[in-house]
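In the two assemblies presented below, subunit A is common to both, partnered first by subunit B and then by subunit C.
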Partner chain A sequence: MSVAALPRGSLFAWAVPVAGVAALLLAFGWHISVGAKTIPLGTVMEALVAYDATNFDHVVIVDLRLPRALFAVLVGAALSVAGALMQGVTRNPLAEPGILGLLIGASFAVVVFVGVFDLAPPALIPLVAAIGALAAAVTVWGISTAAPGGATPLTLVLAGAAITAFLGALITAANLLDEETFEELRVWLTGSLAGRRLDVLPWALPWLAAGLVIAFGAARQVTALAMGEETAVGLGMNVGRLKALVLVSVIALTAASVAIAGPMGFVGLVVPHAVRLFVGQDYRLVVPWSALAGAAYLLVVDIAARMALAPVEISTGLVTALLGAPIFVWLIRARL
Partner chain B sequence: MTAGLFTRLEGPVTFALPTRALCVLGLLLGLVAVVLVVSLMTGSYALDLPGVLSTLTGNAPSAIADTVVWQFRFPRTLASFGAGALLALSGATLQNVTRNPLADPSLVGVSQGAGLAVVAAIVLFPQLPYGLRPVLAFAGALAVAALIQWISMRRTGGATMRFILTGIGVAAFISAATSAMLTYGKIDQAMAALGWLAGSVHAAGWSDVAVLGLALIVLVPALFAASRPMAALRMGPEMAVALGVRVGRARVALITLSVALAAAAVAMVGPLGFVGLVAPHLAHRLARSGVGLHLGLSAAAGALLVGAADLAGRALFAPIQIPAGIVTAVIGVPIFVALILRRQGSPS
Partner chain C sequence: MPTSALRTSQVAPPSRLAAEDVSSGYGGKVIVRDVTLTVPDAALTVLIGPNGCGKSTLLKTMARVLPASAGQVLLDGRPVHDTPTRNVAKRMALLPQGPTAPEGLRVRELVAQGRFPHQSLMRQWSREDARAVEAAMEAADVAQFAGRPVSELSGGQRQRCWVAMVLAQETDIILLDEPTTFLDLKVQVELMKLLRRIAHEDGRTLVVVLHELNVAAAFADLLVMMKDGRLVSQGPVETAFTAEALAEVFGLEASVVADPVSGRPVCVPIVAPSLAVAAQ
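Right, the complex of A and B next:
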C-alpha cells in the first residue's frame, strides 16, 4: 500500500509517519541498551531524562553509547538522502555515494590531509572531505559522459569502480609509507561508528543540515527530473540549476558522513530502494522517508555489527557492504 | 586470430608469418630479461652487472651476494614474472570467452574469491599446510566465477555487461567478508593475511616459484590446446556454433581454465589488480595476431608488467616497499578508464 494513495487528512496519513518515528525511537533505545553490558531500556530513559554522574550505567550511556547512536542516525539519514537524490537525478537505480566513488574520494582527501598535516584541525575535515567528494563526482561524471553511449548506469558504475580501485591503491600505499599516522585511520577507513571523531561532529553538523535542507527543498523538482529531462524542461524547470543544487546537497551530505564515520558503502543504495517500494516515486515522500528509514537502518546494522561476533566488533561499514552488495546484484538483475 | 585463418583460406601456398607479432614478442621477452637483471642488481645491497652475472654463473663475489641473489631477489623476480604471466593469460581468456574487453579476474571478483578462501584458511585453520593454498584459492575463485555466471546469464543469453556489473557487486561483497574475517581473526594471523592481500611478491621463495612454474607447465598447454574453440567463441556464439564448436562446453572449460590460472597466481602472491586487463590489451595494441600468439604476447606483457611493478615498488620509496599490486592498480586504472571511453556499443 502506498502512503501517497491515502486520503489526505485521514487518520492513517498521520499514523504512518508517527509509527515511523516511533520505530526510529525504538531502534535508538535498543541500540543504546545493547552492548558489552545490556542496560535495560528503563535505565536508558532515566539516564537521558535524569542524568546521574555517579551511576556507572548512566556514564556509559551518555558518554559512549549515545554519541554512537547519534552518529548512526546522522550518517544513515545523510547517506540515504544522498543516494535517493543521486538515483533521481541521474535516473540510475545503481547510483549511490559509494558505488559512484564519492565516498572514496572524500576518504582519500581526508587521508592525505591528515597524513600531511599531523595536527589536522577538525573544523577543516568536512571541507576537505567535500572537496574530495566533489573531485571524485566530477571525474566519474566526466568519464561516463565522455564514454560512448553517455552516462548510462553501466558507465557510471564502471567509472566509479575505476576511481575506487585507483584511490584505494593510493590509500594503501600512503598507509604503508606512514604507518603511525594511519594506525588510527585504519578502522575509520572501513566505516566505523566507534566514535573517535567526536571532535569533528560539531563541524560536520552544519554541512549535514545544509544538505538536508536543500534535499527537502529540491525534492518536488527531483520528482519531475526523475521522469526525464524533457518532462522537467517542459514543466518550466531550470534543469541545470536543479542539478547543481542537488550536487551541492549530495556533496555536503557525503562529506559530513565521511567526516563522522568514514566510508559507509551501500547505505544510500539499499534504503531509498526499500523506501520507494512503500511510498512510490514522489521524492517529497522519498526524501524524508529515506532520512527516517536510513537512520533506523544504520542503527539496526550497527547493533548487528556489535552483536554478531561479540565480543569482537565488526566495522559497521563492512556490514552495510555485506547487506548492500547482494541488493546491488539483485538490482542489476531486476532493473538492467 | 585472423592471420592464420585467412592465409589458409586464401590458399595453401601463402605461409605468411606474423612477423610484427613475433618481433614484438621477442622485444617483450628481451625487456623481461632486462627487468630480471636490473631487479637482481637493485636493493639495499647493490650489485653491479658483472657481479650479478658472476653470481648467476656460480662465482659469487661474496657470500652475501650469493645469498641476496639466490635466496631473495631471484625467486622474487621469477615469482613476479610467473604471476604476471598467469594473470595475463587468465584475463585474455576471460575477455575472449565473455567477449568483453573489460573482463579481468580482479574486477569481477574471481581474485577476491580466491583471496577470501585463503584468508579464511589462514584465520580459521592456521595449522593448514601451505601447499593447500592453491587448491583453496582455486575452489574459492571457481565458486565466485560460477556464481557470477549463474546470476548474469539467467535472464538473457548475451549478458556481457551485466557480467561485469554483477562481478563488481560480488567483489564488493567478498572484500567486505574478507575484511570482516580479518577483524575476527587473531592479530598475528590477520597481519600475515594482510601482507599477502596487498598483492606482494616480497616474501616469495623458491617454493612459490615452483608452484607458479608448475601451474604454467600444466595450464598453458591446456590453454593452447583450447585456443581454437576460443578463437571461434571470440567471433560470437552463433559463429562458434556454425564453426562446429560446442559453445556451452567450451565456455565452461575455458572459464574454468581462466579461473585456475588466476587462482594459482593469487594463491602465491595475492590479488594483483588489473594485470589481466592491461596485459592482453597491451598485447593487442602492440601487434594484431591470432589467438595463440596473442596469448603468448599477453603472457610476456603480463610478466613484464608485474616484474617492472615489483621493481618500481621496491626501488622508488626504498627502504619502504610498495607492493606490486598497488603499482599495477595505479598503472591499470587509467588504462581501464581509456577502455571505458573507447568501448563501442558492443565489444569488437
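Right, the complex of A and C next:
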C-alpha cells in the first residue's frame, strides 16, 4: 500500500508506524537485558531513566550494553537505507554495499590506515572508510561498464565479487605478515558490534546523519527513477544530480557503519526486500521503514549472535551472512 | 481545440513544439540529420520509417533525453534543452519504448508517478494529484486494475497503465516511443483509438513513433516518414501514404488502396504467386 492509496487520517496510517517504533524499542530493551547475566527489562528502564553509579547492573547496562545496542541500531539503519537506495537507483535487486564491494573497499582502506599509522586518529577513520568505499564503487562501476553488454545487474555483481576477492586476499596477506596489529582488527573484520570502536562513534555520527538526511530527501525521486531513466527524464527529474546525491549518501552510510562495526554483510540486501513486501515500491515509505526495520533486524541478529552458543559469542557479521546468503540465492532464482 | 485545424490551415498550423535543423545521435555517431519538423497542436502526429532510420532518436531528442548536436527543439518558442527540466515536464510528457515497472508496483502507484513534476519536498501529495490520477486511470480504462501489480497484467493492459501515467502528468503535449510494439493487432488498434481520442477530444498534441504501417495510416493526422536520419516526407495520410513513398522510404513494393470502410489508405505488399501454386 502506498501513501497515495491510503485515505488521509486513517487509523492504519499512524497506527503502523507507532507499532513499528514500539517494536524497535522493545527489541532495544531486550537486546540490553540479554547477556552473560540477564538483567530484567525493569532494571534496564531504570538504568536509562534514573542512572545509579553504585548499582553494578546499571554500570553494565550504560557502559557495556547500551553502546552495543546503539551500534546495532545505527549500523542496521545505515546499511539498510544504503541497500534500499542502491537497489532503487541501479534497478538491481542484488545491489547492496557488501555485494557491490563497498564494504570491503572501506574496510581495506581502514586496515591499511590503521596498519601504517599505529596511533590512527579515530576522527579520520570514517573519512578513510569513505575514500575506500568510493574507490571501490568507482572501480566496480568501471569494470562493469567496460564489460560487454555494459553495467547490467549481473556484471555489477560479478565486478563486486572480483573486488571483494581481491581486497579480501590483500587483507588476509597483511594479516599474516603483521599478526600483532591485526589481533585488534581480526574481530572487527568479521563485522562486530563488540564495542571496541566507542572512540570512533562521535566521528561516525555526522556521516551517518548526512547520509540519512540525503536519503530521506531523495526518496521521492528514487521512486520515480526506479521506473527507468528515460521515464524519469520525461517526468522532469535531473537524473545525473540525483545519482550523485545517492552516491554521496550511500558512501557516507557505508563509511559510518564500517567505521563502527566493520563489514557487516547482507544487511542492506535482506532488509529492503523484506520492507518492500509490506510497504510496496514507494521509497518515501521504503527508506524510513528500512531504517526502522534494519535497526530492529540487527538488534535481533546480535541477540542471536550472543545467545546461540552462549557463553561463546559469534561475530554478528557472521550471523548476518548466515541469514543473508540463502536470501541472496533466492533472489538470484526469483529476480535476476 | 478544433480537430480540423490541420486541414483548414495547411500553411502554418498552430504549433507549440518544433524541431529546427536538429541533428543528434549517440556518442560521436550522428543518427538524425538536419530534421525540421513542426508538430501541429491537438493532433496525432505519427513518425514512421525503417529500423535505424532515427525516428526514436528524433523523439528522444525532442523529449530532451538526448542532447541535440546541432539545431534546436523549441517548446513554446524556447529551446527545450535550455529550459528547466521540471518546467518542461509540466507541459510535455514522454512514454519511452518498452518501459518496465519495478516488481510488485501497483497500477495506482505507477500512475501516481505522473504527478512527479507537480510535486516537491514542500508540496507532497494533494487532492489535485488524487483527482488527476483517478481521471487518468478512467481515461485509459485501467481504473478496474488500480490495486493490482502492473506485472500481473497483459501487455496491452500494462501499456494502457503507462499511458495513464503520462496522462496523469496533465501535459498538453505527449511523446510516445513505439507504444504498440509487441502487442497483438487488436490491442494495437485499441491503444491507438485511445490515443486518437486523447488528441481529438481532449485537444492534446501527440507525437507517436510507430512500426506498423497500416496502423499508422489508419490513425495519423500528420504522417512523417524518415529514412537514414532524414525527414523524407510529411503530410496528411492521403497525400503522404503513397506507393511511391513506401517504395522510396521502406524499399517496399506495395499497392496502396482505399479502405472500403474509412476511405483511408491501406498498403498491401505486392507478392507474385509462387510458381508452385501457379502451376497447379
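Following the convention adopted for this analysis, the second predicted complex is superposed on the first by the 331 of 336 C-alpha atoms of A that agree within 3 Å, B and C clash if a C-alpha of one lies under 4 Å from a C-alpha of the other, contacts with A are read in each partner's own complex, and residues count from 1 in each chain.
Please note the rule applied: a residue touches a chain if its C-beta (ideal position, glycine included) is under 8 Å from a C-beta of that chain, and two chains touch if they have at least 3 such contacts.
Please read these numbers as outputs of a predicted model, since none were measured by experiment.
Student: Applying the document's definition of touch, where does A:V49 land relative to subunit B and subunit C: first, second, both, or neither?
Tutor: neither
Student: Looking at A:I314, would you say it contacts subunit B, subunit C, both, or neither? Reply first, second, both or neither.
Tutor: first
Student: After superposition on the shared chain, which partner residues are touched by A:N238: those of subunit B (first), subunit C (second), both, or neither?
Tutor: It touches subunit C, and subunit B stays clear.
Student: Thinking of the overlay built on chain A, is A:L158 touched by subunit B (first), by subunit C (second), by both, or by neither?
Tutor: First partner only.
Student: Given the touch rule stated above, what does A:M227 touch, subunit B (first), subunit C (second), both, or neither?
Tutor: Second partner only, subunit C.
Student: Identify the partner contact of A:V18: answer first if only subunit B is touched, second if only subunit C is, both if each is, neither if none is.
Tutor: neither
Student: Looking only at subunit A, is it subunit B or subunit C that touches more of its residues?
Tutor: After superposing on chain A, more of subunit A is contacted by B.
Student: Of the residues on subunit A, which ones does subunit B touch that subunit C also touches?
Tutor: After superposing on chain A, no subunit A residue contacts both subunit B and subunit C.
Student: Inside the complex, what are the residues of subunit C that reach subunit A?
Tutor: 60, 63-65, 85-90, 93-97, 99-106, 108-110, 112-114, 116-117, 119, 121, 124-125, 129-130, 133, 147, 166, 169, 175
Student: Could you list, by residue number, the parts of subunit A that touch subunit C in their complex?
Tutor: Residue positions touching the partner: 2-5, 88, 91, 93, 217, 220, 223-224, 226-228, 230-231, 233-238, 276-277, 280-282, 335.
Student: Tell me, which parts of subunit A touch subunit B in their complex?
Tutor: Residues of subunit A touching subunit B: 94, 143-144, 146-149, 153-155, 157-159, 161-163, 165-166, 168-170, 172-173, 176-177, 190, 265-266, 309, 312-315, 317-319, 321-322, 324-326, 328-329, 332-333, 336.
Student: In the complex, go through subunit B and note every residue touching subunit A.
Tutor: Residue list for subunit B touching subunit A: 102, 107, 151-152, 154-155, 161-162, 164-166, 168-170, 172-173, 175-177, 179-180, 183-184, 198, 273-274, 317, 320-323, 325-326, 329-330, 332-334, 336-337, 340-345.
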